[in-house]
Amino acid sequence: MVKIEAVIRPEKVNVVVEALEKVGCGGFHLLNVTGRGNQKGIEIFVGRGTSSATRSSLPKTLVVTVVQDRDKDKVIEALIDANRTGEEGRIGDGKIFVSPVSEVVRVRTGEKDNKAL
Amino acid sequence: MNFDTGHIAWMLVASALVLFMTPGLAFFYGGLVRAKNVVSTIMYSFMSMAVVSIVWILWGYSLAFGDSLIDIGGSSLLGDFKFFALSNIGAGGEGIPDLLFVVFQMMFAIITPALITGAFAERFKFSTYLVFLVFWITLVYAPICHWVWQSDGWLFKRGALDFAGGTVVHLNAGMAAVAAAWLVGKRRGETEGLSAHNVPFVVLGAAILWFGWFGFNAGSGLSANFQAVNAFLVTNTAAAAAMLTWTIVGYLQTKKFSAVGAATGAVAGLVAITPASGFVDASGALAIGVTVALVCYFSAKFMENSKLDDALVVFGVHGVGGLWGALMTGVFALESVGGTKGLIEGNGAIMIEQIIAVLATGAYSLIATLIILKILDVIPGLGLQVAEQTESAGLDVSEHGERGYVQDVAD
Amino acid sequence: MNFDTGHIAWMLVASALVLFMTPGLAFFYGGLVRAKNVVSTIMYSFMSMAVVSIVWILWGYSLAFGDSLIDIGGSSLLGDFKFFALSNIGAGGEGIPDLLFVVFQMMFAIITPALITGAFAERFKFSTYLVFLVFWITLVYAPICHWVWQSDGWLFKRGALDFAGGTVVHLNAGMAAVAAAWLVGKRRGETEGLSAHNVPFVVLGAAILWFGWFGFNAGSGLSANFQAVNAFLVTNTAAAAAMLTWTIVGYLQTKKFSAVGAATGAVAGLVAITPASGFVDASGALAIGVTVALVCYFSAKFMENSKLDDALVVFGVHGVGGLWGALMTGVFALESVGGTKGLIEGNGAIMIEQIIAVLATGAYSLIATLIILKILDVIPGLGLQVAEQTESAGLDVSEHGERGYVQDVAD
Amino acid sequence: MNFDTGHIAWMLVASALVLFMTPGLAFFYGGLVRAKNVVSTIMYSFMSMAVVSIVWILWGYSLAFGDSLIDIGGSSLLGDFKFFALSNIGAGGEGIPDLLFVVFQMMFAIITPALITGAFAERFKFSTYLVFLVFWITLVYAPICHWVWQSDGWLFKRGALDFAGGTVVHLNAGMAAVAAAWLVGKRRGETEGLSAHNVPFVVLGAAILWFGWFGFNAGSGLSANFQAVNAFLVTNTAAAAAMLTWTIVGYLQTKKFSAVGAATGAVAGLVAITPASGFVDASGALAIGVTVALVCYFSAKFMENSKLDDALVVFGVHGVGGLWGALMTGVFALESVGGTKGLIEGNGAIMIEQIIAVLATGAYSLIATLIILKILDVIPGLGLQVAEQTESAGLDVSEHGERGYVQDVAD
Amino acid sequence: MVKIEAVIRPEKVNVVVEALEKVGCGGFHLLNVTGRGNQKGIEIFVGRGTSSATRSSLPKTLVVTVVQDRDKDKVIEALIDANRTGEEGRIGDGKIFVSPVSEVVRVRTGEKDNKAL
Amino acid sequence: MVKIEAVIRPEKVNVVVEALEKVGCGGFHLLNVTGRGNQKGIEIFVGRGTSSATRSSLPKTLVVTVVQDRDKDKVIEALIDANRTGEEGRIGDGKIFVSPVSEVVRVRTGEKDNKAL
């Protein structure tokens, strides 16, 4: 099993959730994070509206879903589809990280691993 | 110059109370939108205090309450420039200084366009809004105010009843809201399933509105007298009745007691009692409160599925509520309260006047607002709706360079 | 009909100020609970504005201030239906219209049951609460109000002093809170170690209460006169003294300056000065403020370990504070201020009356509230405490279908 | 004893309004700091209500408005103890009871030191602050108040104009802020790039300030008369003009419409009109509003790069704004409004008096505050700045044992 | 070493924290997330109390603790015990994910791996 | 590639962000968490300023950055440097966790793995 984590634009949350469900991935969780990558920060006023500073980080949303190995690629594809802006993509469209998961347990039933997903 | 210190004391307070309603509205509306637009939504209302205060003393008051500039058969359509920049307003007055009337009326002019902003919240360009405020007060608010409240005004002369602004303020704002929602266009992206981002702010706003509304209605007789007391009581009664009705109807339909619903119900009751507050007694207020909640509840529900993206249901609450209030004023007016008989005392004629007033002010507001916005839309550098990216990132960051809430840490 | 516009002006404002206290209380209480119950807690207070406004003008006022319905040897226990639906209240009055007295008193009736809600916050069923409001105003508030403030009332006749509601409002609410906390039962799950979820809201609420309390106390003489000025001053003085005392005692005990403590101290001072505000001068107010803070601080501390889950310490602040205020009114009353001598001027007899008033109102409130709640508990479909799941998910979502705060993003 | 109920009604309300400004300020300042210091910042203002209320009635009022204690050639420098603990203040008065003047003036004394706290926000030790409040009111506020407003006061005798506190309140607080920011030292850690943590609170605070300021200025004539009405109007006008100017200048410089900027602009306008509100008309108010916004905007911008860590720009807004207002009062005073001619009516002499008043009050405030703070700094157990760890963890947790906002869940 | 992540009901935080401490796991952190699984969403009003929508996600809390391999099973057991509702469990009781951790450093001392836990 | 997660003091965020950028790590995200380790909790008032309780958890910030294997050590060093308080360090200075990442995708371009970092 793998954990797929995607850093996305907050305004894309609904689209992404729909995309995940369409591709059959019904379990996930979402977090608010702030991040920095090629896209640096946003201009926010400091002082009394007299000058602005580029804040270090941008509000982003992290989508986390643990899936079976065989579903990995279609989920990644769905995430790319849902998040790429326009044909070319825009800076800040996000990143996807995949990492191994060794065990999953469903608390309710005690089911394990693939059965628990 | 025959001043009464009691009247002056009350009207000073009433003016302050009405001014305070505008930030109240800012919180009512601000709590209802998404967090990324809270600053923007608050700023729409808040800036009206700056812009309209200036426009009003320069020419707004004069157009509204000056002598007749445009006259048709003895009935006036617009005031002249007699009071331009407060000229010709001395230290005189009857009961209260004339200048205090200028001040009190200014507060009404401030809140009315602020009410409209709920319709185009989350997407209207702020720079255009500043220009809109100037034109709208000049070309829509001042004329309608003149028609209804100036002694030469054609609706006033016909005898239409509007004690504190059912047509001038609420129906007017509600119809302008329709024009605005229509021309500005829908919010982009998914807007279904949105809920208020800060319910305490919604209640805070509604509470400040309720508090300030005592100045609005009980101040509209310009005196600390029995009529003011009655207006105070009926204002409270209608708000309470509408709030209770809305909450219960909502419960019957959804099995939940919505706080946003309760707050909206209270506002609907306050809207509807506004024109009536100098003419009806508490039983009339009860009737108006209960019925307006029903009417507005189902309007709001109906509007949810409408093509018009009136984001904060301004038409549903202020348009419909103002209309209903204006008509019910005709129904429940009592001679013993305001000197005019209503339908229930057998005076059917008053209903005609109320209907004419509603149609005239509503139609004028809709059309004039459409024209103003259409022009602002095509002027280069202005335009109505912000760019898509601006909208999706939230107007707070893009238009105001601010975020409503900033946490200290991972931020 | 001999109206004074200055009195009317002041009493209109005072009424508005007292009404504004109820949303103030909503924020004071709302900030103290957990975030998942903020809407619910605010709604308890807010809905009192809707329900009690209606009950009051229909029959509440009449039961409280009508002629004697139940009479024992010339002393009255309850008003009759003379003023049912405001009948027999014309446009007359002395100084101010009688109708303004109805309005002013209405605001007191609104806030009193709202005070109780702090005791059962985070768990009381909202539908039952709406029913409770109606019965409590009718069967508890109106009678006690009649005893203490109606000229026929048995406590009034005995000469008990309560200028603005130490017994009628605060002790009454405090004892009803005991009844409610007891019958409703404890909050489920861990409730130790809970702290206020929004301290700014707590301070905002306390500030609005303080502001509105000027209307509460300085309005209770129904006139804009010297007594009102004195009431205003002593109100402010007691609030300040109690706030400072609470903060310092808290600091001595914990080495921290709690803002919630400061706000609570201010409210305790306001509670205690309420019955005294027409009878004592500033030095009495200082004494009352300092002592009530000490008494309530240690009550609140003691209540923490009590078995009674009085969630927001209503008994500790309003019950104990109201009791203390009522007694201290007897101690510090000055003939020069309110026409009655207190203990310090040698009038020991007044203490007897104060004690009788405290015992009678406190006991009646406790018992009558217990009975009402017991009945509501067993009526099918009602019941007091929400289901366990409802409670653990938070009342906002389960009872009101709303979340207090919604973030835009991962939400 | 020749009371006017209308005057009393208005002054009761005005006093309540001015009191309400202090929590308004608490929210204005509280919204501007980082979330970890919101409770601390609010508490600075809120506690002033407790401490100063007590100091004022014990000896503050007497020092400010007593007979001359220190007299130089018929001009007084300080009041005596005639009114210690309100002795010698009976039930008398002209128009309003003398006691009401005590109350009204108390509210000014409460807010003035609260204004200073913006300068040392996020780092000043709370226990020291409580002591500072007592000394500052006694040694700085009361004397300056005596000079300017007591009929024996040396600046009053010279004829300096200050209707509602441009020098006494704002310049005074602004110069004390310089002293405080200087002696307390900078906030540790990075303070560049900080932005307001809660913009809605900033606007709420500004709105409450605006609302309360009507009491501040229109109450300063102690009567419900034409002058009060004019003061009300010019207050609103200057606030609006300054808010609009600040917003537009900010937009021209940054292409964004800052809500914090708009709120600050409004406050700057209110500050500057304060001394002038009884002497100028609406056109003067427009001029004052527009110019003060420009002056304060660039002061605030300039201060950003200054070595002085005046955290919330108290000097930039209240110091500079108070100074500007005091001078402009001399420029725009009209005989027809307040009985004194200004520069524009050819009275150059008044400018000398205004400059003397500004220099004298500003210098005294700066020096006396420096001395007080220096002494508090070296007293063992007191000291000005909190320890580094306290500061970095946030004053809320360390000094007040509270967190402003607590989420329910992972918390 | 392994990282154990559990998605739990927010109202269970205190119980879970106690359970972790009892089992000797003194280091962990908690996050607010929102999630979806078999349990879909909550009904929340939209509009003016006139109708409600099922919001896409539920507030959940994520508990994260990194433990030595040999402690893994007892921590998982403790988490199951603390989170299962009733005998049968209820939908929404949560899920547990286990994944490998290759290195741990205690900033204060520079201690590594098992010593740093 | 590895994921480096550091639990740090919230007041250190700016210092840490600078340190990361200096060492060439331009991509990361930050989260608010609360945690417990050797440092237990903070005293917060309960009731009405009448008594205080040690809340179970402390506000902390989690910094997450995914880096190439060869950058791991210098990033860890930079994090230690930025977070250790004084010479000795203080309890609560934080912890760093490293775990494997099997795949990275840049949404904008579809670039993969090291190229996507």
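Remarks
The first chain written gets the first letter, and so on, giving A, B, C, D, E and F; residue counts start at 1 in each chain.
As a convention for this text, a residue touches a chain if its C-beta (ideal position, glycine included) is under 8 Å from a C-beta of that chain, and two chains touch if they have at least 3 such contacts.
Just so we're clear, the structure is a prediction, and the values are computed from it rather than from any experiment.
Note on connectivity: the fewest steps through touching chains from chain E to chain F is 1. The chain pair with the larger count of C-beta pairs in contact, out of A-B and A-D, is A-D. Interface chain C/chain D: under half of the residue numbers present appear on both copies, so the contact uses mostly different residues. Each chain gets one centre point, the mean of its Cα atoms, and the points for chain D and chain E are 50 Å apart. With each centre defined as the average position of its C-alpha atoms, the distance from chain A to chain F rounds to 19 Å.
If you average the Cα atoms of chain C and of chain F, the two centres end up 49 Å apart. With touch defined as above, residues shared between interfaces to two or more other chains in chain B number as follows: 4-7, 9-10, 13, 195, 198, 247, 254, 256, 258-260, 262, 400-403, 407-408, 410-411. Across the assembly, chain E contributes 13-14, 30-34, 43-45, 49, 52, 55-57, 62, 99-100 as residues in contact with two or more other chains.
Chain E makes touch with chain C in their complex at residues 9, 11, 14, 33-34, 42-45, 49, 52, 55, 57.
In the complex of the two chains, the chain E residues touching chain A come out as 2, 6-8, 31-38, 56-57, 60, 62, 76, 79-80, 83-85, 88-100.
Against chain F, the residues of chain E that register as touching in their complex are 3, 13-14, 17, 26-31, 64, 66, 99-110, 116. Of all the residues in chain F, the ones that touch chain C in their complex are 43-53, 55-56. Taken together, the chain C residues at the contact with chain B in this complex read 3-10, 12-13, 15-16, 19-20, 22-23, 26-27, 30, 38-39, 42-43, 46-47, 49-51, 53-54, 57, 85-86, 91, 96-97, 99-100, 102-103, 106, 126-127, 198, 201, 396, 399-408.
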